[in-house]
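Only one structure is covered here, and it is reproduced in the block below.
The first chain written gets the first letter, and so on, giving A, B, C and D; residue counts start at 1 in each chain.
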Amino acid sequence: MENTNFLWDLMGKNIWSVLLVISLPLMFVLVYALIAILAELKISAWIQERLGPMRTGPWGILQPVAEVVKLIQKEDITPDQSSKLLYNLAPFIIFTGAYAAFAVIPFSEAFVPSGIDVGLFYVFAIGSISAMGIVMGGWASNNKYSLMGAMRAVSQLISYEIPAAFAVLSVVVLASSMNMQEISKMQTGWFWNWFIFGGPGSISKIWVIPFTVGLTLIYFISSLAETNRVPFDIPEGESELVAGFHTEYSGMKFAMFFFAEYANMFVVAAILTTIFLGGWNSPFGDFMQGPWWGVFWFIAKSFSVVLVQIWIRWTLPRFRVDQLMYVGWKVLLPLSFVCFIAISLFVMLK
Amino acid sequence: MIQYFKNVWSGLSSTFLGMYITFKHLFVKKVTIQYPDQRFTLPDNARNRLKLEMERCNGCNSCVVACPVNCITLETVRVSPEDPHQEVHHNGNPRKMWVTRYEIDFAKCCYCGLCTQACPSDAIQHTQEYEYSSYKREDLYYKFQTLSPDQVAEKHRMYAELKAKDKPAKAEGATEEKKAKPEEKKEKEQ
Amino acid sequence: MLPNEIFEKLRSVYSDQIIELIENHPSDSFITVNASALFEICHSLRDEAFFMFDYLMSLTGMDLGENLGVVYHLYSMQLKHKIVIKAFVPKEQPKVPSVERIWRTADWHEREAYDLIGVNFEGHHNLIRILLPYDWEGYPLRKDYTAPEMYHGMKVS
Amino acid sequence: MSEKKRLDLEYSQLDSDRMRLNVGPQHPSTHGVLRLEVEIDGEIVTEVIPHLGYLHRSFEKHCEKMTYPQIIPYIDRMDYISAMNNEWPYVMALEKMLDIKVPEKVEYIRVIVAELNRIANHQIAVATFGLDAGAFTPFLFFFRDREYIIWILEKLSGARLLYNYFRVGGLAGDTYPSFKEECLNVIEKVRKTNAEVMDLLIYNRIFIQRTANVGILTPEVAVNYACSGPVLRGSGLRYDLRKDEPYSIYDRFDFEVPVGKGEVGFVGDCWDRNIVRMQEMEQSCRIIEQALAQMPETGDVKANVPKRIKPPKGEVYMRTENPKGDLGFYIVSNGTDKPERLKARGTSFVNLSVIPEISKGYMFADLILILGSIDIVLGEVDR
């Protein structure tokens, strides 16, 4: 791929530019996480006819900052009987897993940290790392609730990886590429070129639209499960498991879990945006199209998906663990498989 | 099979219905208020911290009897007629009892309002004040007596003098008092 | 069915075990029975077609000086009548047959009565303290009870 | 060896340890300081042992040392979210002992405040039940509406939660001028929120999946355990003291007794217990409307009661329909102004005792829901 990273053009490939490329998403994640936390607080408040945080800064917009400061100040408790190394390592591994996925996310046509050809594959491979972190944290805490939470989390992550993978695979079949930048480029033009509406092509693609819309929905639901959000938040199901795998964590390590959750939310939203919602493309053809607008569109779309995730969280109750498996294996998997076959047939017959 | 799709559909549709309801609520006028800046007005009969008006209190002990948690401590001394310091109640009657100690432990108080109803002269009453938490329990121990310790000692001395003076007549007086008390109680019951 | 009818019916079956019926308006009327036959009496109170007392409203332990009493408030869901049964046992040997097998709700009620009054329910499957700590000593609702000064190094007041 | 037999053999050799999990006393979903010792096999609950007493305040012992009017504030603190309903059987028992006829207006106000408090209690019950299932938003919707009810009760009695409003033979105070309109306003709000929550929570597919066919309590077991209130009615038994044994003036009102019908699962599951509460709120609204219409404008709020309450020697067991079930007070008087023995038959205490029976074999997450559907208040369980 030529020209995937404007920094290479600007600065050449040296240690500084590499560091900058690495740190740009990190800075973005930190700022984004604060905004997402604020959004969660405020949206939940408005839905429930509350005002939400109002006393930190104007309209309480500094509340997430205050919360992070509070978490940093808090005592960092390590349970006496815990496995110290794993216990301390777990939050970093989870955050690393979430953060590493940013390597292939195309923020703009001129910026993707690493435009590798198997980007989607990489994302799925890296996504499983957080499962490892959860198990480490849950097991090392030496707490029964944590252990149960960790076990639930892993079974959940493994089950929902499959329908999500089918959804992504269908797009790979349609686009015949796994490079996320490539997939984004393919959807240039008006919004009906997005893969949620069957991707670019002639009017004959109308047959495939129901399936792609369904796949978008399937991917979105699976992504909720992968990020442990309501209604699939049973690993940390507050009413049963107190806080699930991070029951024993406090202070900065808890903040890492917190950040990782929001980073993960953005990752899945970004993938959804890239493969179904046209990535960094403007919905209106050439209007507001370009490298800088691309960043705007990409973040705007991804953030809207995050907002929907938040909105769902404050609407729905939580599944039970066997129902979660039912939904994963008996509803999402067959449906995604059907959609996958339909799309494959469409591509073959085209 | 049909049931399966029905279930999937009802799951999706009820989710969307719920999301629609929550979405509507995003734009509803909020019901919470900014507490320390804005406040709700309390009703007049709100039962919060107690206050005592000493010029009304005649030391009759009925609040102490009514209190279910024994949070009121009351000590009284009879007023000596020779005391140059005499007080009148709000209604003009002369004070018969010096309240040398009137203390309420608000850590114990359960705000039931039984003392205010028992008080014959409306001396003890609830106020609208509800923010008086404190870091120490001792700070919740409110002292309502207006007499200084010196004055209290003085009153006690006066009363002792009075008793000493009445000593010859004490035997008669005591029996009279004892007789008088049950009669009063009977009247109250009626 | 009225209390005196129930009393007559019971009397005809259990004769001596049914001691007396006390009616004293406006108080509830109650039937005093012999504690040793309590289980059988309760069993027929639940199962006989004209009693059908399937609902044990309340089970109370009482301290009556030299005796301990157990009071059963019964209600019938079908026939909508109620009755109070009382049994007295000496304080030294407070043994009352457990009715837990007749009305399962008596399980916790009996544990409570054992906990607070010290009535020993024979035949209860798990007669341990319920409200107080498991290692508490004494039965607080007895009239001669004095609270201990200390409990595990904590001041009791 | 067939494949199935081989698998069965393998599974039987699997070493599956059972885990003892301590739920509570500090746990988000035990609704107080209840401790459940749970034995789980994977996710399946095999045994539940409740341990009570963390909130034991020696209520009955205290009562023996206090005069009759002084006990009322303590009774408020038993079931602190429906205190008005708690006070009622107690004062009724004393009124029966003293043979006091309560003025007409007092009866109406008592019915209205008790029903308002019943709505408030059910709102909390349904709200926390939803919270146990993971839905947070209906929880705050209900709390918002409950606040309006509490304001009315606060204006009447002076306190938000622990009212101390009932007196032997009367009430602590009269109504205020705008009482009627405010009650009608609140009823309207309650109905609106209930309709909304029906869509948002009760008929949500996930919620139905979670609660239907979970914690099935058959009528026989419910009666044998002396369950009452929505727990019993959820099992399909039409038993309501307001209908079966109309105390006070409940025979003047036209209302229905909702029972669980097994609309989405078996009769007597968690969903049924919950829907009974939702429907009871509507019935309470109806009772309040009728009572407001019939209530005499003027009248005394206190009967002629001696200043020192000394019931004659005797005993009375009085029970009323608390929001949680029937609450009974067994008062033994020895002729003085202090009771000889006062036993409170805690509704939650009795209802909670059914937990070990109905939660075996369900999943751990279901246990939380079953506990939530029974609607306990630990202040009443431990007394």
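Everything that follows uses one rule, which is that a residue touches a chain if its C-beta (ideal position, glycine included) is under 8 Å from a C-beta of that chain, and two chains touch if they have at least 3 such contacts.
Please read all numbers here as calculations on a predicted model, not as lab measurements.
If subunit D is ignored, touching splits the remaining chains into A, B | C. Once CA atoms are averaged chain by chain and compared with the all-protein CA average, the nearest chain turns out to be D. As a whole-number value, the distance joining the C-alpha centres of subunit B and subunit C reads 41 Å. Note on chain placement: the centre of subunit C and the centre of subunit D lie 25 Å apart, centres being C-alpha means.
With centres defined as mean CA coordinates, subunit D is found 43 Å away from subunit A. The mean-CA centres of subunit A and subunit C are about 62 angstrom from one another, to the nearest whole unit.
Residue positions of subunit C with contacts to 2 or more other chains are absent.
Residue positions of subunit B touching 2 or more other chains, listed in rising order: 15, 18, 21-22, 25, 31. Those residues of subunit A in touch with two or more other chains are numbered 47-50, 314-316. By the contact rule set out at the top, the touching chain pairs are A-B, A-D, B-D, C-D. If you check the complex, the residues on subunit A that touch subunit B are 43, 45-51, 54-55, 311-312, 314-316, 331, 335.
Taken together, the subunit D residues at the contact with subunit C in this complex read 52-53, 56, 58, 60-61, 64, 96-97, 99, 221, 223-227, 237, 239, 244-245, 314-317, 319, 326, 328, 330, 332, 341, 343, 345, 349-350, 353, 357, 382-383.
Those residues of subunit A lying in contact with subunit D across their complex are 44, 47-50, 144-145, 148, 230-231, 233-234, 237-240, 242, 314-323. Subunit D contributes residues 66, 69-74, 76-77, 137, 144, 147, 154-155, 157-159, 162, 164, 172-173, 176, 196, 199-201, 203-206, 306-308 to its touches with subunit B in the complex.
Against subunit A, in their complex, subunit B makes its touches with residues 8, 15, 18-19, 21-23, 25-34.
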